[in-house]
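Heads up, there are several structures right after this.
In what follows, chain A forms one complex with chain B and a second complex with chain C.
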Partner chain A sequence: MEVPILKQGEFLIATIQAALSDADLEQLRMALVQRVVKFRSRAVIVDVTAMDVMDSFASRTLREIAQMIRLRGAETVIVGIQPEVAFAMVQLGLRLEGVGTALDLEEGLAYLNQKFKNSS
Partner chain B sequence: MPGEDVRVPINSDQDIILARQRGRSVAAEAGFSAVDATLIATAISELARNIVSYARSGEISVHVVQEAGRRGICITAMDSGPGIADVQQALRDGFSTSGSLGLGLPGVRRLMDEFLISSAPGQGTVVIAKKWKQDRQIS
Partner chain C sequence: MAKREPPPRTARPASLTAQEPSRNEAAELLRELVAHLRQNRTQLREEWVSRISETRLLTAMTKEEIFAEATSVYDSYVEALETETFEALQAYARNLSERIIPRGVETHEVVGIVLLLRDVLARSLFAKYQTDFEKLNRILDAYEPAANRIANTVAVGFVQERERVIRQQQEAIRELSTPVLQVRERLLILPIIGVIDPQRARQLTEQLLRGIRTNRAKVVVIDITGVAAMDVTVANHLVQTVEASRLLGATVIVTGLSPEIAQTLVTIGVDLGKMNTVGDLQGGIEQAERLLGYKVVPSADEKL
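After this line comes the complex of A and B, so read on.
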C-alpha cells in the first residue's frame, strides 16, 4: 500500500493509513527523500497514527528516513505514535534517537510553523 | 472455551503483517488489554521477521493456553532454516549476524512472560513464547 505524501508549503506530510509491509516502508523512504529534493522541503511530517505495530524494522526505517532527510538539511517529525505502540517500543528497547516527535499532526505542524516562522 | 488457534505460513513480508494481525485478534478475544495485545502483536512481528530474514519460510502459530486457572497466549515460531549456532549470544542485546539488524530475540523475551528457544545449525529454529493475562487488580 502506497503512502500518500502531501505537499503543504515548505513541508511534506506523509500519512500512513494502514499496517505497512517492509517493502512499503522502503518505498516510503525512497519517495520521501526524492520529494524533499524535488520540492526543496524544509521538513517532513510522518503520521503513524494508523500503525498497529512499530517493530525493529519499522523504527529503523523511520530513523533512516530522518537521517537521510537531515543530510538534505531538512527535519523530520514523527507524529501520532499510539500509547500502546509506544509502550511496546520501550519494552522492545527501540528508540527514535535524533528524530523529532509530536503528539499528533496538529502539534507537529504547530512545532514546525513556529520553528520556521522567522526564516521563511 | 473457544479454541481459537491460528496458523500463518510465513513466506514474505506481507505474511508478517497477517501473522501479527491475527495474533492480535486471538489476544483480544482472549480478553487481553489493548496494551498487552499490542505487545503480543509486536513480538509476533519480530519473530516472523526473523523467519523471513534468516530462514525465508516457516510458520507462526498462536493459541490460547489455560494453566493453573490462568489464561495466556502462546506463540510458536518455527522454521527449518540455517539455525543459530550460539543461542546464548543471539539472546544478548545488540547481537546480529546480518549487518545492522539484530535478531530481536532479547526484545521478544522482554515483551513476553515466558520464552523458550531451541535451535542448532542446520536444524532450524523453534521459539515458544507465552504471555499471561494479568487478572489481578491493582488496589
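After this line comes the complex of A and C, so read on.
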C-alpha cells in the first residue's frame, strides 16, 4: 500500500494510514528520499497517528529515513505517536534516536516553522 | 419455642453403615428435607433472626434490614440445598457482600450468621426426627455436606468481594496520589510523593502520557522531592517515562533528585546527558518557562 506524500511549501508530509508491511516501509523510505531531492524540501513530517503498533523494523526504518534525509540537509519529524504505542516502544527499547518528534501535525509544522524562521 | 435436647449422636450401629442410602433414596431425603424447611420457613427464619441479635452480630444493620436479608439468605439457602447447585448462591453471596461491606459488616459476622442458620435448621431436623434415630441420621447425611458447602460458598464469596473492594480502593488511591497538573499553557507538573513501586510507576507513566496528549504539553516537570528512594526497576521506569514523553513531543525536566536517587541513576548507567535535571521544583519551573518562551517580570501593579 502506497503512503500518500503531500508537498506543503518547503515540507513534505507523509501520512501513514494503517499497518504497513516491511515492503511498504521500504517503499516509503525510497519515495521520501526521491521527493526530498526532487523538491529540495527542507523537512519531512511523517504522521503515524493511525499506527497502533510500532515494531522494531518500523522504528529502525523511520530512523534510517531520518538519517538519509539529513544527508540531503533536511530535517525529519515524526508526529502522532499514540501514548500506548510510545509506552510499548520504550519498554522494548525502541528509541527513535536522532529523529525529531511532535505531538501531532499542527505541532510538527509549528516546530518546523519556528526552527526555520530562526535560522533563515 | 422450647429447646429440645438433640438425641445423642454416638457411633452409628453397624447395621446402619451397611445400608448407606442409594442415590434415589438420598434424593428423596433431600426433597423431604427441603419440604420441611419450606413449610417451617417463617418460624425457622424468625428463630434465626433472634439468634443473630442474641449473639450480637450485624450490629451495623437495622432490624428491618437484617430481616429482609435473612429472608433472601434463607430462600437462597434452601434453593441451594434443593438444586444442589451453588452458582446462584455464589452470585447472591457476592451481591449481598457488595451491599453490606460498605456498611462495615465483617467477615466473622457473615460466617457467624451462616453457621447460625445451619445450626437452627439442624436443630429443627433433630426435633422433627427425634423419634426415628435411623432416619435422622440419613437426613443429616443428606443435609450436612450441602450445608457445609453452603457455608463455605457464602464465606468465600464475601471474602472475594472484600478483596475486590480493597483492590479497587488501592487503585483509586494510586490515581489520586499522582495528579498531573497543568500550571501554564503547555506546561505540566507531576509531583510524586511517597513510595513508588513498579505498578505505580507504570500507572504514573500512562497518566502522564495521556495528560501530555490531552493538554498538548510541550514541557513536563516531574518533581521527585517527595520520593526518598528508588530501586533500579523504578529508576528505569523513570527513564522510560522521559523517553516516551519525548516521543509525544514533550521535554521532561526532573527535579528534586535526592543524593541517593542520583546515586542509583548513576549506578544503572543512565545517560544523564539525555535526562534534563534541575535541583529543585522552582528551578525546574523556571527552566520550563524559558523553554516555552515565557519570561516572568515583576509587575508595576500593586503587590502584597
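The rule we apply is simple: the second predicted complex is superposed on the first by the 117 of 120 C-alpha atoms of A that agree within 3 Å, B and C clash if a C-alpha of one lies under 4 Å from a C-alpha of the other, contacts with A are read in each partner's own complex, and residues count from 1 in each chain.
As a working rule, a contact is a pair of C-beta atoms (placed from the backbone, for glycine too) under 8 Å apart; a residue touches a chain by one contact, two chains touch by 3 or more.
Predicted model, so just to flag it, every value in this text is computed and none were measured.
Of the two partner chains placed around the shared chain by superposition, chain B is the only one that A:Val53 touches, whereas chain C remains out of contact. In the superposition on chain A, A:Met30 makes contact with neither chain B nor chain C.
In the overlay built on the shared chain, the residue A:Val79 is in contact with chain C alone; chain B does not reach it.
Judged by the touch definition given at the top, the superposed model places A:Ala19 against chain B, while chain C stays out of reach. Once chain A of one complex is fitted onto chain A of the other, the partner contacts of A:Phe87 extend to both chain B and chain C. Look at A:Leu96: by the touch rule set out above, it reaches chain C but stays clear of chain B. In the superposition on chain A, A:Glu107 makes contact with chain C only, not with chain B.
Legend: residue contacts after superposition of the two complexes on their common chain; A:Met1 is shown touching neither chain B nor chain C.
Shared interface residues of chain A, touching chain B in one complex and chain C in the other, are 82-83, 85, 87, 89, 91. Chain A makes touch with chain B in their complex at residues 19-23, 52-57, 60, 82-85, 87-89, 91-94.
Within the complex formed with chain A, the chain B residues making contact are 13-14, 16-17, 20-21, 24, 34-35, 37-39, 41-42, 45-46, 49, 93, 100-102, 104, 106-108, 110-111. Interface residues of chain C facing chain A in the complex, by the touch rule stated above, are 205-206, 209-210, 212-213, 216, 218, 240-241, 243-250. Per the touch definition, chain A reaches chain C in the complex via residues 78-79, 81-83, 85-87, 89-91, 95-96, 101-103, 107-108, 111.
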